[in-house]
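After this come two complexes, each holding chain A, first together with chain B and then together with chain C.
For the complex of A and B:
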């Protein structure tokens, strides 16, 4: 009824909307006449106007029938079509009975290409064409054969750019979903690794693959993720990053509820813990859901390095996280509210250096902090040949000239430098940006109430962070709320003791290996 | 398989909540009250209180164990004492929890304005403190428990660091005479002030929110004794560092202690660090109290969406907390409250237990 009213008031006559690739393709069966079928494809692809649709007409000599091979320029590999479709057809010597089941005969015994299937209607055929398949139409048959001849341009597998490790595998995902699948399959060699394909985007459909290990991942979680994907109702979703935001439970929150990784080995280890991994064409990343704080805090290398080295790195990162969040706020609180904390000599030095600065500490801090953020943003956007300029401007103008011009005190430059450096040490982009934003809240709280302000904001922040969930998994699980796990949290135990999967993920099979150590209760 | 988002809390979270409720008493005017009565033996009093409270706790646990997992103190009350008396007792519990929120809120505000920020208005401190507590309690019991679980280990470690930081200035001999004002006086004081740990009975109203009875039992036993031992340790430390007559005259000994703590020779003023930690603890403490107050009030007036009562209760706590003219009045009221509620919380489980026995006999 409401649809009817909407159409009525929009002045449409009740016919389905025109335009859009999939929406306009009727679900019609093929006719027996080849030329008629070809004409319909040409109409759909606006043939003379649009040069995308390529066709190759031929006559199959052995049965003396006309046939047409259709494919979309740029999506299919024409060499493959020539070698594995057209050549076998021309060279085929038909037996007597094969003319009766021509389509099946061709599909099973003639075409040498491995991916091929029969398509019954136009809609299906167009979807195949867009995906890079070639469609073989034969005169006198009302079925067509789609052969998988996809030949999209791909770059080769390269090294990761965001999640760099010194020790460990060096391959990263690329923009092709097929290659990414193979990279993951290479990590997790298990027949129970399920890869379900779903379609998103109503107008320009894209495939999205949902990967999980069926004997580990919680079926409810998988269902939940798939539900969320099917609810994403957009005309086109081009990359996984748009999907990420559509999956998000709290799009406005500073805390992420999914993450992306560009490392197949990390995706593999997430799969083994019962997470769901999403892959999509055009996205050189895998989307992980659900995540916890620990997924953001850990890096792949923690497990590759020896126990002590990996944990040392984690300790440093923990400090970096706290510095990045609190350093400017603590400086401000100490200088304005609690100067007695500073040893006397240092206090005098600070006083002397601040003597000539005309601004209050807050303003001085905000000025420098803002400049640093601009510098960082500029550093990303600047073309590589100009990259060195940023370094010179940053180091010289900010470090030297600002101090000499009495705009900021030298100590503050040190504080902001440590803060900035710390935020670079945080492995995940989301977590890093989050700390940068929350940092300002702490600065204002410290300005208003000193350490009490910092304490209250921290308490509120913790209460918020512990109460949010990502697909039902609490953000700080399994530390708080406490659940049995291998205690691979702030620090990691040796690998022999990591026998238990975190129960916060509700794994179907929680035990990795023979129990030793860990946390049973 | 463990259900993660069932709204219930586990052993560690519940223990952390209890720790946040009771152990923080070390930092307010509680030590003063105890030192007044117990003199140099004040450190025994929390242990006596805990021992005295342990009996009613066990009685309550035995009653809770009998029911199914959804049994809590309020249900026991209505079941055993009837609707009207049950409501009256619920009201008394609510009154004691909420007035304790008000008086402690005032007391914490006073500590900040007296010890740290003499130029800041009391109203601002109280508003901010209860505002943060309101937010935390608004996120629900799960959030309170999880936040507490994240910070309580830090509190435990830092209190050890604090004691170590003043270790060189301690004098064991100050603890003598060991019995203080005399054994009988100390025991009497310990019983009289047992309501410092009466929270252990009050949280019975949350029993159905803990995942299993076993978790509840374990957490409440640990949650009674660990804060009691912490209190005993700090009371002893206060006497050992300030000596007996002086310790009576020091308003907030914990905060003086943090001023004396030194970590190495460079960091000789770390009190601001302890101030921050203490205030995080205070926010969680008041969040718990607000939550329990709202929960009880909601039950009392039959208003299921009790979360909506948090805001008016927090506002009322600020306004009422501003009423005493100075902190001495507030402390006096607090003392009255403690002494009057001690008997109540000691006898309540005994009453319920007795009624339960009586009813069973009647049935037979």
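For the complex of A and C:
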């Protein structure tokens, strides 16, 4: 760990020596001399060069022994240490026999803080310190007490920023794994919700939690996910998003095989369908595995809104998906290959507006599409106070000036605007970016062969999409291959009819609730 | 081997992609023909083809408006057929002519009555750009003159005019909805009705209601073109004419009527001095039964007809008594049957065939097509017994149940 810290603080680079940082801390037992022990800690933390290590010396009045409380600045909550460690020690009235088992006595009966344990050697103690614990060293004892005083800074639970709903819960995951756990437990109140903790990263180990419902999730799936996690061999995996790419079967594919959600309720509903949810510290998201097309296409709100409203939203989203994929390609194909498809009035209007545009339709389209993509990228990066600039520049450049300068025809602006708007209506970021990329393939296919080109690319795309799997679950399951489910696919049935879990997930218990008589799906 | 496969694949993909490029054409490089006129040229076996090409820069979008240009360009080329004329026209037109938005073909009556016509139109349909829903109109004068004369005030763009006119036909029935598809379906002796139009006035005085042909409708001012009545075509050649009324009835006698509603004048059953105007439509298909085993052939036609009172000039109150309503119904039935019988008589005397698609019903009685062909339907129709029945029901007397009570005041005085 000190090596890591050394590199972190001194800016040294290069390959760390074999054995890693953890190995650099000697696995030595404590000495009976307090000053000696303190010195060793100070050496390890490069005190006083490094101001991270804080210590508080005190004398325990009732047994008249010197003691030192050590903690790392920024990781531990100093109020907690003062209130629940130091204060009880000072106020303790020791009995006669307590001096014999001082460490046990202090640990069990004096310290009021809930997490505490005895540590025997330096290595263990340093690991605890880094994790935010305080270590209590007592003169004349060769054991130390680590108390759990972790106090990392956390932001409070806020509203989701990506998966916004009008109706429904408004809490989103934060960077703290512990808070995220509690958010999920609040959704799924079931003792069978298992949370297994695994460690990833050889140099800077991070905990990753694997959550699943033991009575629903397919044990093989859970095993598969855990295998994948243990195979992820990196020095440090700081966030879940890096983990996501390491877990994926096809990192080069445009189609995602896992997804993240920032909504605890969504994570909860995935758990109830037999998916595995991964949580990690520092990541305000939960990673879902496996996923299907439907996970990307659905939103949390579909189930919160009434049946008709939710399905209407899904219908609109379906249109948006196809518009986003195909609109520019169809425009290009129709205008250059199949003008007979356009109503005569519109045709004449397009022809008239293209009259003075110097570029072929493809170039015109690519120009505008590229501008729109740049605008989109700039919109994310632009600092909030400058946000309005993007709107003005976008509206003026795209809407007015480009048309007036005869760079593009006005109808194309409409086409690109509808396309852009549609891509915003796609709920999942992965799916949205995917359609944006594939859109260009369609444009080139349409440029080469018109509708035949579009049909060919669409056929290839569908063939590929139906053939891929995410953790053994086909991308379009349970629609294709068809498997029994509650048909919560393109549209959803009313909740009373959603009594069956999709069998494509191979759930251990497929029935959500007993269906009403005769109402078989 | 793997690399060879890759190379081969790439070559194939490039070939595939490039194969479509020849068809690609930017919109602004095309000249969209909206109307074609066909006329007989002075020389034998030559046709005069008139192209009316829409100018996209007039009356389409504000941003590209060209103020001083005409809305369409009219070019006439003399050539052996339509497609070679299309090619020849390119000698003067800068943009590539395309028929993909061709809506109307106007045929001069002179050419339509000539044997040459079926060859010209038959060979033109080979062009993949020709649409089969293109409307065919026969013009009394030369098509070239018709196109030049047709400058409607309301519709600056020519395609719009013909589109709206076609919509009109479906509501009035004055002209048959005659597209190339139907024309090519009826090339074996069946009669095909094409819309008849003219830009020349030939007033014949006031006649009853819709008893006019194109050019005869009493009209002052307005657009010069009149479209009413139909040209009767047989085996791709014009053989006669029907006036507006006959055209309407021939639509009603079809099994599937293409016309939504039509308004017609009838004498008022209660008051001889006045006319009553009725809106006619059909709630169900006309029933046709053909008995081909009998000689002469027996044809039973049952025409369901719904009648709404449109304007009641005599101000008679029909709602008050069943008798009056029955009189109205009887009158409509009588008049319609009378008119239909006289139309069928005219057809039987002058032509060998019928335009009502009754042959389709008759054909069902035969096992093979050749069996039907040997039957010679056209000849049999000439002698056929046609039994016509109109089933009239009155559905409405207008928004107001009874007419205003002017009459009472008159009587009181």
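Brief remarks on what is shown
Criterion: the second predicted complex is superposed on the first by the 494 of 521 C-alpha atoms of A that agree within 3 Å, B and C clash if a C-alpha of one lies under 4 Å from a C-alpha of the other, contacts with A are read in each partner's own complex, and residues count from 1 in each chain.
Everything that follows uses one rule, which is that a contact is a pair of C-beta atoms (placed from the backbone, for glycine too) under 8 Å apart; a residue touches a chain by one contact, two chains touch by 3 or more.
Keep in mind that what you see is a predicted model, and the values were worked out from it rather than measured.
In the superposition on chain A, A:462 makes contact with chain B only, not with chain C.
Contacts of A:482 after superposition on the shared chain: chain B is touched, whereas chain C is not. When the two complexes are overlaid on their common chain A, residue A:361 makes contact with chain C while staying clear of chain B.
Legend: residue contacts after superposition of the two complexes on their common chain; A:473 is shown touching chain B, with no touch to chain C.
Of the two partner chains, chain B is the only one that A:503 touches; chain C does not reach it.
Of the two partner chains placed around the shared chain by superposition, neither chain B nor chain C is touched by A:58. Judged by the touch definition given at the top, the superposed model places A:352 against chain C, while chain B stays out of reach. With both complexes superposed, B is the one of chain B and chain C in contact with more chain A residues.
In the superposition on chain A, contact of A:403 is made with chain C only, not with chain B. After overlaying the two complexes on the shared chain, residue contacts for A:452 are found with chain B and with chain C alike.
In the superposition on chain A, the residues of chain A touched by chain B in one structure and by chain C in the other are 337, 340, 449-450, 452-453. By the touch criterion stated above, chain B contacts chain A in their complex at residues 1-2, 4-5, 9-13, 112, 116-117, 120, 125, 128-129, 131-132, 135-136, 139-140, 142-147, 149-151, 266-270, 272-273, 275-280, 283-284, 287. The touching residues of chain C, counted against chain A in their complex, run 16-21, 23-28, 30, 32, 34, 54, 56-57, 60-61, 63-65, 98, 100-101, 103, 129, 131, 157, 159-160, 163.
Taken together, the chain A residues at the contact with chain C in this complex read 335-337, 339-340, 344-345, 347-357, 360-361, 403, 410, 447-450, 452-453.
Within the complex formed with chain B, the chain A residues making contact are 218, 333-334, 337-338, 340-341, 343, 449-456, 458-460, 462-464, 466-467, 469, 472-474, 476-477, 479-484, 503-504, 506, 508.
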